[in-house]
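Here come two complexes built around subunit A, the first alongside subunit B, the second alongside subunit C.
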Partner chain A sequence: MADTMNHLERGMASLQNKPVDRLVTYPLAMGVCRRLVGDGKMTYRDWASDPKKFASAFIEGQKHFDFDFAIGLMDLSVAAGDMGSTVRMDDQNTPFVTDPALKTVEDYETLTPPDVKKGRSKVLVDGTKLFVDALGSQVITAAFLEGPLLSLTQAASAEKVFMDMYNNPSAVHKALKTITEYNANMVRGMGTTKCAGLVWDYLWGSYSCLGDKEYEEFEGKYARGLNELTGKEGMAMCIHNCADLPHLDTQIKAFKPAIYSMAYYPLIPGSPSAKETIEKGYADNCLIGGQIDPQGFVRWSQEKMQKTTMNLLQEVKTAMCARGLHSKYCIASGCEVPPTVTTRLENIKECVDTVKQYGQIKC
Partner chain B sequence: MQGQDILASLEKAVITGNKADSVKFAKEALDKGVKALDAIDHGLVKGMTIVGDKYAKHEYFLPQVLLAANAMYGGLDVLLPHIPKADSDKKLVGVIGVVEGDVHDIGKNIVKTMLTAAGLDMHDLGKDVPVENFVNSVKTAHASLIAMSTLMTPTMDGMKAVVDGLIENGDRMKVKIIIGGAPTSQPFADDIGADMHAINAQEAVKKVKGAI
Partner chain C sequence: MVKIAQVAGFLGSGKTTFLIELAKILVDRGHKIAIIVNDVGEINVDVRIVEMYGLKAKEISGGCICCQIAGNFANTIAVLQNTFHPDLIIVEPSGVAIPWGLKRAAEYSEEEMDGEVIVHAPVITLVDALRIDELIQSVRRLVETQIREADVVFINKVDSATQDKIDMAVKFSRSINPNAEIMFGSGKNNQGVREAADLIETRTSPRYDESYEKEMLKKEYGRKA
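What follows is the complex of A and B.
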């Protein structure tokens, strides 16, 4: 069926739970779209270090796939790298931290906020501006930042930070305050790009990692301030959390994001499916994005991708109608589509095209 | 303090993640003539098993588990040298690590802790571990168990490379191989020629105990 609304109209309607011509869709295809630029040989290292190259992937991705959103995820080691951690940058793989910068209690205490006008922080802000300039009039654009606890665990190692929550809590808080200051500067920087939203990666809000108490103490209270600042700087506050057992009451009901992007782990007892998420009211005031297995974009045939997308559409339409909702679900991957060379680009297209064809919802 | 009380104190030190207490009561146990092996099994390990169960039920979370593990290791450092040589020689060596290309190591650390609590002498190869390090461990560490973890699909092939490497150098029959991490499964373990798969640390302990 042909679309009768444009991306922005559909996106805005979905955010307000108004009727739409079809549901919105956005497989989280970020780094993988570098393969659509030029001769297709751009390395990950280049993509994640050069604003123009970073932006070009989103621009080409939009031409190729016709998404409803563009969200500027680079990787999860931007802040840690700018705090002095060693980041391994492979040609065809997501960069990751190999040697965290913060090793002692003093390191937490003496940490200073990285300069957002330098390093990859600057690449991220500048690159976001470039793709927002190019795509902002077509789709809903959003910046992507790591939450304070994620940045700290990347810069000091997760295990160390978790133990120090009890052994050296005041030092951990000092570091979190510093990182929150850095994050606030990043929010202001992202505000100048005029992106419509800002997505926070709050992945430690997971019951396989932290309970409510620790989460509130070591991220919640910092996140609340950043969430508020995001709104003040003119961006809709959104959250990505691809954990198996996400803290939905805190991150959706209390934080009140405009969009919440989540994954589903069928083998983990208690991991919330799309149906359960909608049934329990989490989509009532929040556009939920999910929950196709990102690995499917590498492993599945096109037919399987089509079938999976159709099944998910059916599941969310039924659940939304039962709940009196019109459009509060975005057909997306649970986390980033793997940016590797083996990802099948045709599966990304298949997912989007299936939503275009079968995503109409009439209750 | 009597023997029984010391054991209870060791157990509590682990449950509350108090390393200083764990070390203190381990020393006291030795002073009072409690056998090192009893202090480990009926004190430290008992505590760690309770912590593992609480984690599985989402009553405890990673900080408590990691602190409990740290407390257990503190007590073990004191007690292990006092285990009679004949007994400590009986301890089986296990090697554990996260395969190359993957840095997700928290699950691996929990499995290592529970296997240590189950009585194995665990050697940690860390994360992003090259294939050769696993393969050579049978010779260098005299491992009779190799435990491999990955949370990422693209790095699963590294597990097969380790099994193949062990076949090639003739050491495959000397070790049991267990794998784990979300994308892995028993059929995958069968496929690559590993012996076992477990979904979590608890199950890993059961399966390893059954196998060796």
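What follows is the complex of A and C.
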């Protein structure tokens, strides 16, 4: 069926739970879209180091796939790298930390906020501005930042941070305060790009890793301030969390994001499916995004991608109608579509096209 | 057929020592062993130690397991298999990894290997008896996750821990995963490692894809397949 609303109309209606011509969709295809630029040989290193190249992938991705959103995820090592961690930048692989900057308790305590006008922090802000300028009149745009605890675990290694939460909590808090200061500066920087929203990656809000009390102590109290600042800087606060057992009561009901992006792990007892998420009221006041397996975009046939998307649409539509909702779900991947050269671009298109064809909802 | 053996456990649980002793025993029994380390931050140290013993070691790293690491891990297994041809690959995942996620990623490697099939050995989670009370307080959730997904809980460092601590580790493990087999030993003194090697050689653990299909059928039809 042909679309009768444009992307902005549909996106805005979905955020307000108004009727739509079809559900919104955004497979989280960021780095992979560099393959659509020029001769298709842009390296990941170039893409993640040059604002123009970073933005060009979103612009070409939009032309090719006709998404409803554009969200500026680069990778999870931006802040850690600017804190002094060694980041390996392969040609066709997501950059990642190979030598964390923070190795001792003193390192936590002496950490200073990275300058957001230097390094890849600046690339991220400048690149976000470029794609927002190009796409902001077509789709809902958003910046993407790692939350304080995620940045710290990238800069010091996760196991070390988790042990230090117990052994050296005051040092961990000192580092988190410093990173929050950096994050606040990044929020202000992103505010100047005029993006409509800002997505926080609050990955450690998972019951596999932290209970409510620990999460509140080591991320919640920092996140609340950043969430508030995000709104003050004119951006809708959104959250991405691809963990297996997300803290939905805190991150959706208490934090009140406009959009919440999540994954589904069918073999983990208690991992919330799309249906359960809607049934339990988490989509009542928040646009939920998910939950197609990101690896499906690499591994599946187009037929399987279509079938999976159709199954998810059916599940979501049935649950939303039962809940009295019109449009509070975005058909998306539960995490970033792998940006590797083996990702099947046709599967991204298949997902979007299937939503266009079968995403109409009438209760 | 390539068998994958995960040795999970939190930082300081003695994974690397256990893994080296385990690999040496399996090599003596005629197996061709490769080791994959997924331990961001400490990776190079572990790889060097492992390679001192003449075992083939590969490292993996990256973003999060559901998108990026899964692909890297699958590719690493396929490269090892296509170049080194091990019959057993031992994986030392990061203390924050989810065993089911690594099983899934391992099975993806089948697409990149010539007709080889992935079989999983029992997932062994090491629990540090010496520091059990500290672990329960500091990283309880993470330790619970690893025990929950274990086929075998190996209470490690029993040669140094008090009986009270050992009992506490057993009680804690049983409360989370009553179905897991409990073993006792010390990687450092090669205690119990031979028995763990026996399990890896003779037993298997369910595949992700089969379990996933069963779960999907259950969800679709409201019953077990």
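As a working rule, the second predicted complex is superposed on the first by the 363 of 363 C-alpha atoms of A that agree within 3 Å, B and C clash if a C-alpha of one lies under 4 Å from a C-alpha of the other, contacts with A are read in each partner's own complex, and residues count from 1 in each chain.
Simple rule for what comes next: a contact is a pair of C-beta atoms (placed from the backbone, for glycine too) under 8 Å apart; a residue touches a chain by one contact, two chains touch by 3 or more.
Predicted model, so just to flag it, every value in this text is computed and none were measured.
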Superposed partners subunit B and subunit C on subunit A - clash or fit: clash
Which of subunit B and subunit C A:340 touches, first, second, both or neither: both
First (subunit B), second (subunit C), both or neither touched by A:13: neither
Subunit B versus subunit C as contact partner of A:266, first or second or both or neither: second
Which superposed partner A:321 touches (first subunit B, second subunit C, both, neither): neither
Partner chain in contact with A:134 - subunit B first, subunit C second, else both or neither: neither
When both partners are placed on the shared chain, which of subunit B and subunit C touches more of subunit A: C
On subunit A, the residue positions that both subunit B and subunit C contact, one per complex: 93, 96-98, 158-159, 162-163, 165-167, 207-211, 214, 244, 265, 267-268, 295, 298-299, 338, 340, 342
In the complex with subunit A, residue positions of subunit B that touch it: 17, 58, 61-63, 66-67, 70, 101, 103, 105-106, 109, 128, 153-154, 182-183, 199
Complex interface listing, subunit A residues touching subunit C: 75-76, 88, 93-94, 96-100, 156-160, 162-163, 165-167, 203, 207-211, 214, 242, 244, 263, 265-268, 273, 293-295, 298-299, 333-340, 342
Touching residues (chain side subunit C, partner subunit A) in the complex: 10-12, 39-44, 61-64, 66-68, 70-72, 94-96, 98, 100-101, 104, 108, 111, 134, 137-142, 144-145, 208, 211-212, 215-216, 219
Subunit A - residues contacting subunit B, complex: 93, 96-98, 158-159, 162-163, 165-167, 207-211, 214, 244-245, 265, 267-268, 295, 298-299, 338, 340, 342
